[in-house]
């Protein structure tokens, strides 16, 4: 099977760097901050594949670099090094399995809008809170060239129904909504252009437990229905257990272990993963 | 470059600008701007023409009128004008407003050109917020005074961000604004400054002309130049260029309509009308916004026509 | 590997390293070898703590095998070592060919019992309505009260959970079924049904590896056995 998304050697350094950063940071050195020059290696030499229809988890504590990976893949940040290929984007970008990081911002934005959906932990990053819920969905459709208000509203209602947001609130701004409902609108927006890849960055963190459960159930049922290849970033092993089939464990910007999710949870190999698994309340 | 002699009192122009101009007209370059300023502005104009709808920055000069009173349009006029030109200046369609008259006086004094109110006779027309009713031809240039050149300012305060949006042709935020407008009010409520796509590439602010005038920008015979003095931007719509107001398939942008109304002076039923309220009697009536057009019709149809139907 | 062998385990061993206890090593099992022809059933036997469940988990790959190999003949004739296969390959085999019934139900939270059971069918493309009907029929046969079909299994008794779990594993009969004490908390009547279902599956060609208590009626289905030795007491 060919991967839908392939990442190789993804590295993001904040700060000038000194040439020794890579040797002096990482899981073995127990830090992501270069002691010599102070640069932060938010993620280093991260490589993985995401297959069609698969749900892949990235787990780790804050500072492990998991969110940085997602943001790099969504072009929110510029990588220091690395290659990034997306099978579906090849045709649009001229074929040949090109490294998406080498494309112009214009091409990248098109690929992002056409093929990627993202849901952030903080709805403020993913939504315009003052623009109506329907408008938030419309924005992506407008970016994709939709120019018929009636059809845009039809698609927006369909998505809000799918994500269980009351249609009566379609023309209300999400700043009036509860945290759980804001996440639903974000999910609806992310799905609007039928993306090939869905990126979920700590989507349930900070929500009440009962609301978390509902959002996770929604994601599960959407997963069953749509089969979109998904990257789930979370510090919560419960989320990983519920949503993913494969998991990557990150620490200090590095991948320290990867495997089947149930194997990671039942038979963790790396000391840190064991600590993580045994720390579940 | 010549410079006024410093005077013992320390003020550069004892007696004010007007006197300085009258007394020292010879100390200034032709048409007030020094030659290097003209050259820079002309280069910017050429660049603007090469990139229809794209805002080109330029070094806006201090002018002897206040920023916001047409300094942008004035600089273009002065950079382009020559002794053979015939100038028309209008302010919201009117040749006789204080702003238009002041600009005419100034240009007349520094460039010595002929003035006209007749749209057809002018080679250069400087305008604030209107396009003349009469069709322009390839020999004419229409120069707009622009208050806010950035169409995206409505949705994005950051200049850095709006530049990125133009560079990437990312106009979804503007579209979103129109979508929200439709959702909230059932129609697009943007009146003047209606955003247009130029040559299928750049989103452009056509300056606060009424929507009525927008179709005249599309594939016109003449050159349109826009300049914002305070914001230091020049942009252009060359002849025969596509200019399309943003509109949805099911919510098209529409021009203003004046159903059942016609000009109470000339009787025109196919011009952009202003509402006039008679202070003394409180009666409302409608007159052409383009005064020269109205006047031309009145003299041609003298005695004044009772009913609309004048030919254009 | 000869074509009639479905599963061949060779010198399999599993050790756990507990980093939280200073890298203490715990032996799961070692030296396990057996070969299993297609359609046969094999019982893993041995004293409690000998690592019988761990062997099943290694085959299912929820444990990472240490030494040794687990050669499996896939439906399309491929020969794959489950001990070393990529995660993606294992997932593909799990979803299409391999079933696993545990003693405990890790039920998906907030999913009605009937949907828990029907999910493997819908995932394979069966229309939801048909999948639910077949799930209901199976739950009925296993003696789950009709009133519970639309309830969440998290609230069920041990025996009920086990039957739901069993139903989910067998509703789409796998080529290889791993059974880890599937009848531990069942009453005799339910146990009979489970054995009947398994023997039907076996007759239709499902290969099985099972762990069960002595005296379980599952013994009647077995063709072969593999005895795990008791481990040396650890110091």
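Worth pointing out:
Labels for the chains are A, B and C, by order of writing; each one numbers its residues from 1.
Operating definition for what follows: a residue touches a chain if its C-beta (ideal position, glycine included) is under 8 Å from a C-beta of that chain, and two chains touch if they have at least 3 such contacts.
Keep in mind it's a predicted model, so treat the numbers as computed, not measured.
Taking the mean of each chain's C-alpha atoms as its centre, the chain lying closest to the overall protein C-alpha centroid is A. When chain centres are defined as mean Cα coordinates, C lies farthest from subunit B.
Centre-to-centre separation between subunit A and subunit B, using Cα means, comes to 48 Å.
Centroid to centroid, with C-alpha atoms defining each point, subunit A and subunit C lie 33 Å apart.
In whole angstrom, the spacing between the mean C-alpha positions of subunit B and subunit C is 80.
For subunit C, no residue reaches two or more other chains under the stated contact definition. Contacts from subunit A toward subunit B in the complex involve residues 105-106, 109, 128, 131-132, 134-135, 138-140, 142-143, 147-150, 152, 171. Contacts from subunit A toward subunit C in the complex involve residues 1, 51, 54, 213, 217, 220, 224, 242, 245-246, 258-260, 262-263, 266-267, 269-271, 274-275, 278. For subunit B in complex with subunit A, the touching residues are 164, 167-170, 172-173, 175-176, 179-180, 182-184, 248-251.
Subunit C contributes residues 16-20, 57, 61-64, 87-88, 90-92, 108-110, 119, 122-123 to its touches with subunit A in the complex.
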